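Here come two complexes built around subunit A, the first alongside subunit B, the second alongside subunit C.
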Partner chain A sequence: MESLARALQTLVSFLPPDLSAHYLLALTGPVLESIGMTAGAMLIAYMVSLPLGLYVGLRGPGSRFIGFVLSGVRAIPDLTLAILCVIFVGIGPAAGMIAMAIFYTAAVAKIFGDLFKTADAAPLDAIRATGASPVQVALFLIPLKLNDILSYGSYEFESAVRASVIVGAVGGGGLGAELVGTLNGFDFQRTTTLLLVLIGIVAAVDALTVRLRQRPVWLLLLVPPSLYALWVFQPEQFSLLHAVHTIGAMFPPSLDSDAIARLPALIAETCAMALFGTVLGGIIAFPLALMSARTIAPPWVALPVRRFLEALRAVPETVWGLVLVAIAGIGPEAGTIALGLHSAGSLGRLFAESFENVDPAPVLAVAATGARPVAVVAYATLPLASAPIGVHTLFRLEWNLRQATVVGMIGAGGIGQALFEAQQLFFYQAMVAYLLITWVMVLAVDQLSQMTRARAGWITLPAEEIR
Partner chain B sequence: MSQRLPAMTSGRRAFVGAVFATAALQSMRAVADEALIRIGMIPDAGATQVSVEEKAPLQAYLSKALKRPVRLVIPTNYNATVEGLGNGSLDVAYLGGLTYIKAHQQYGAVPLVQREADRQFHALFITQAASSIHSLQDLKGKTFAFGDINSTSGHLIPYQDMKSAGINPDRDLRFRYTGSHAATVKAVETGAVDAGACDETVFKEMIASGKADAAKLRVFATSAPFADYVWAARPGLDAATQQAIIRAFTNLTPENDKSILDILRGTKFVPATDAEYATVRNIARSLKML
Partner chain C sequence: MQASMLRIDGLTVMPHGVKTPICADVSFVLRPGERVALVGASGAGKTTLLRAINGSMPAHSGTVLLNGMRVDTSHPRSLRRLRRTVAMIPQKHDLVPRLHVYQNVMAGALGRWSAARALRFLLWPLAAELAEAQRALEQVALGEKLRARTATLSGGQQQRVAIARALVQQPSLILADEPIASLDPGMARQVLDLLCTLARDSGVALVCTLHQPDLAEQYFPRILTMESGRLTKDGPYRLATEAQREPGQQQDARLPPRGLMPDMKQALGT
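Take a look at the complex of A and B:
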């Protein structure tokens, strides 16, 4: 009870946000820096991942191995990747930008690969039969999947904008450095300002991508500013010899006996965080999704709830974690709630879509019996939506396992915290050992979730989900 | 050697070429950027004034004092700061005692200048005013907050003090890292933990500025003095610049530069030496943190 009162007291100190003109003006620099880093990174990511995705999608020689590498890169917490980039390119925005470029190249290439694999085989075979070269086949494949490429590509961009806050802060600068600064300085009203700015940016990106998907040609307009950002944030140096030496010293990975003895507890803690975070997210998301499904709730309820879900989703797990640590203190609970809040936003939106997309015929049939609206939802909409809801939740669990290692950086515990501490203390051999363990865990859960989905007969979504 | 060269694969030759090209590019850039001094601060150091506007006076002062453009960078973590010094993307960095020792061991960082108080620094053990904790022994079974894992006054020294007092932090109490001194003070003040350890200058500054409530907090133990924060240079930085930086700090006086000294939470700066860190280095070794 006392701790709740304490938390509420701290929560109040986040209000009202500091919306003074001079602070907002001071923020233009960090905002542009964060957006610029994202734009530059994503330009690289799209350029590299499109051919890579095509190659994997067309099952070129060694594409299984490439897929394996891509999954491996994605299993590295983005923050760890960013600090590794500092070793190569020094302190500065370049480190964050390149880390994001690598991470999202892997993520986008994997998605594009999955998308191209699911392309209809018949027209492809026909094209091949004409004696077309692999490049011609690839060029034929792109328009076939253009819609999916655009939507998943823009989901990834949105995700990168959010990630840039924390990853970009590694080299100093951007919104993230400012956010951490306000939290450390107990300048909570400005923290709220920054959260609002972030929510605003994500909403703007969202609105922009919707328009761009209708007129993909306009995408070309974004290339020059992205190139400019790439040039502005280019590495000031590239210390190859230094980096080779430092990275070389990270091998072979090793853990001392104390650390090995602690491993099972750490792994369990990470799994628990992911599991409870997903459950919490689902519990919050479910009623909110019902309230925001346009086929169920009236618009004056659906619209504000939808906005609220978007706000929850716009703030990445780590940032929720940092805020929660300030409010409620550090620990696995903070990590779990952080995962839960962000998951609630993502799952809420996906659940709502699941409700909206159910086959209307059975719903109308139940309604025709004169059943009250509540009964219609309970006996028709819910059972029909249960399969997609299950799939979304499983995907979210996979994602949260990865994120549970990332929120370890804020001291939430588990294998992520061990990894981060090893890195902070320069015990790089131990860090690499923890990275490998994280990687195995992520791959194992990926496999497990795929098997579960197959056994339950749930359709496999064409590619990864929005986060 | 020359006999072997023809056997080199073209791939390897390309690699060697790339290395040389990179080195050349790097030295060209170094010439172009010579005027600019890049200074990094570990996040904790600026914990209470990291907001965009507030770091501007320090940067302006250093730029004026060094007669060269200065870029102040505040990365959000210790590790990145030291790596920045290691590969030369930072010329100077403000480090804690333990981070300095690591940077010195790993990359030969050169100690330049520090606050007078940093030579005889203290870690404070704090608890709530009304708590039953009055000595380190009382910590048994309690919850405790350390700052950042790389912090000297927020982790290394208090950890060692507890061990000397017969308390094994790993077994006898439940501890966690808050990530910063300010967060530790807040965690203790609000009762989120029973006690914590922090940097004395951060604690005093927070009390003085009203960011922490003096009536709610009590210092129940103070560590023996040790050497802590220091401004250190990357090994390759030329001697003249090193000296100029030392002078820029030692010239600060409370009469003329109050705003700068407030940001640095100090009153007087003195040149620093590596020898001061012998004690902290031994402690770090014995605790396997080095």
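Take a look at the complex of A and C:
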């Protein structure tokens, strides 16, 4: 009870946000740094993943192995990569940028590979029959899949903008570093400002990518500034000696017997966080989705609720986690609520789309009996939307199993928290052991979700659920 | 003067972005207990006319008066009250596949149920309510499907569930859009008997679109014919069949015994 009171007290101290001109002006630096990191990292990611994806898509020799490596790299959480990069190249945007470049190269290449694999075979065979070289065939594939490339590519960019705050939080510079600074300094009103800035940036990027998708040529305009960012944020010093020394301290990974005995409980706690986080997210998302479905609620309700859902979703789990650890203290409660808040945003949007996409005929038929709007929703819209809603929730549970290990790494419970504590105490051998365990867990969940996804092929998934 | 149950004057339906009206200047009057067949080639606008009568499709101009009240300009709340008295049996049945049959059937009662009762019934149906659903289903010879999942029913069975839903509504006007399209000939007659008896004995007015001229002639004293959105004939069977004929058919060709075909719409290849 007392701790709840304290948490509420802390919560209140987040308001109102510090919107003084002085502070907003001071934020231009971190904002530019975050955007620059993202742009530079994504330039590398797109440049490398397009040929790589084409190669995998056309099933060149060894492409299975490449696909395997990509899955493996992608299963290393961005936060883990950032922690490692900070250890190797020091605190600053360079570390964050490198971490994101690695993660998103693997992620985008995997998606592009899958896209090109599903290209229509007939026109490809026709091109091959003319005696075209493999490079010519590859160049022919790009326009064939341009729409998909643009939509998945821009979704990954938006996701990278959010991730830039995560990697920043563990020493990768930009908004994330600023955010951790405000939390450590109990400057909570400024934390709120930063969250609002992040929500604004994500919304702006979203609007921009929608425009750019219609005129892809303009994307070329983004290349020079991204190159500039790449040059500005290049790692200043990379001391090989230091790196070798650090790696030496990490190996061999080991855990003492106490830690091993605690492992099952930690893994169970991580799974429980994912489960309760998903349930919490679903409970918040459901009424909000009803209120934001354009076919159910009037626009003056639907629009603001939709904005609210987008705001919840714009803040990644890990960032909610940082804030909640400050409010509720270290432990699984913070992680669960963090997962719940972000899931509420994601699920709310997907649920709303499910409601909007139901077959209108049965809905009209029930409405035609003179039924009240509540009854129409209960007797037609809900049962018609229940299948996609169930599938979205299951996929979110899978995603949260993955994210529960990651969100723990900033102190929010489960196996991630053990990693966090080992890192804080410089127990590098234990830290690497935990890193390996979380990596295997994430890899297992990724494989599991790919299997279920293949089985649930009957439902078309939005870009954010293709992973 | 006999009270009119439904009075339509100069009704034109023309959704946004459509060049020619789907229903053009349609006028007719229906008395309580009267039954009419609405015939016409595929795409003539029959379904659209029915949808304009119950307010699912906005009118572009003209008026629809139901028991003396305007349907076309009603506010949502009063339109809802009006709709309780009009049961639509949709052409494609339009049931909710995931619900149990009794839930789809009792959806017909939603107009008179409170919101709380509607929600309670979904989770916890009372025996009396189930008995009502059972009675309606037995009238369409589907008594044994009360608790089945709607998705598992055949097309003809789903059509009969939609009819049972209309019966539960206790309407004063039934708009039946090809209610026998998916039924075998025996069942088709049984359903038409049921609907026509309802009209004769309970004073329910009935508008029924049909693609079977012989059945239209047999069951309906009055037949409305639609041709590309216009009501061209209002009278007995002989006049109606002229318009039913497909283009390219010989003028004097004897009509095939269409009533024997289970599904006229399929036979016409539409």
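Following the convention adopted for this analysis, the second predicted complex is superposed on the first by the 386 of 467 C-alpha atoms of A that agree within 3 Å, B and C clash if a C-alpha of one lies under 4 Å from a C-alpha of the other, contacts with A are read in each partner's own complex, and residues count from 1 in each chain.
Keep this in mind: contacts are C-beta pairs under 8 Å (C-beta built on N, C-alpha and C of every residue); 3 or more make two chains touch, one makes a residue touch a chain.
Everything numeric here is computed off the predicted structure, so don't read it as measured data.
**Student:** Look at the residues of subunit A and decide whether subunit B or subunit C touches more of them.
**Tutor:** B
**Student:** Who does A:Arg372 touch here: subunit B (first), subunit C (second), both, or neither?
**Tutor:** In the superposed model, A:Arg372 contacts subunit C only, not subunit B.
**Student:** Please indicate which partner A:Thr105 is in contact with in the superposed arrangement: first for subunit B, second for subunit C, both, or neither.
**Tutor:** neither
**Student:** Tell me which partner A:Thr438 touches in the superposition: subunit B (first), subunit C (second), both or neither.
**Tutor:** Once the two structures are laid over each other on A, A:Thr438 reaches no partner at all.
**Student:** Is A:Ser386 touching anything from subunit B or subunit C once the two structures are fitted on A? First, second, both or neither.
**Tutor:** second
**Student:** Between subunit B (first) and subunit C (second), which, if any, makes contact with A:Pro362: first, second, both or neither?
**Tutor:** second
**Student:** Provide the residue numbers of subunit B that touch subunit A in the complex, in ascending order.
**Tutor:** 18-19, 22-23, 25-26, 29, 33, 38, 40, 43-44, 46-53, 73-84, 86-90, 102, 106, 148-150, 176-180, 182-183, 186-187, 190-193, 211, 289
**Student:** Sort out for me which residues of subunit A touch subunit B in the complex.
**Tutor:** 2-3, 6, 9-10, 22, 26-27, 29-30, 82-83, 86-92, 95, 169-173, 176-178, 180-182, 184-187, 190, 236-243, 246, 325-326, 328-331, 410-411, 421, 423-426
**Student:** What residues on subunit C touch subunit A, complex-wise?
**Tutor:** Against subunit A, the touching part of subunit C is residues 54, 56, 80-88, 90, 92, 94-99, 103, 107-113, 115, 118-119, 122, 162, 165, 169.
**Student:** Under the touch definition given earlier, write down the residues of subunit A that touch subunit C in their complex.
**Tutor:** 361-362, 364-372, 374-376, 378-380, 383-384, 386-387
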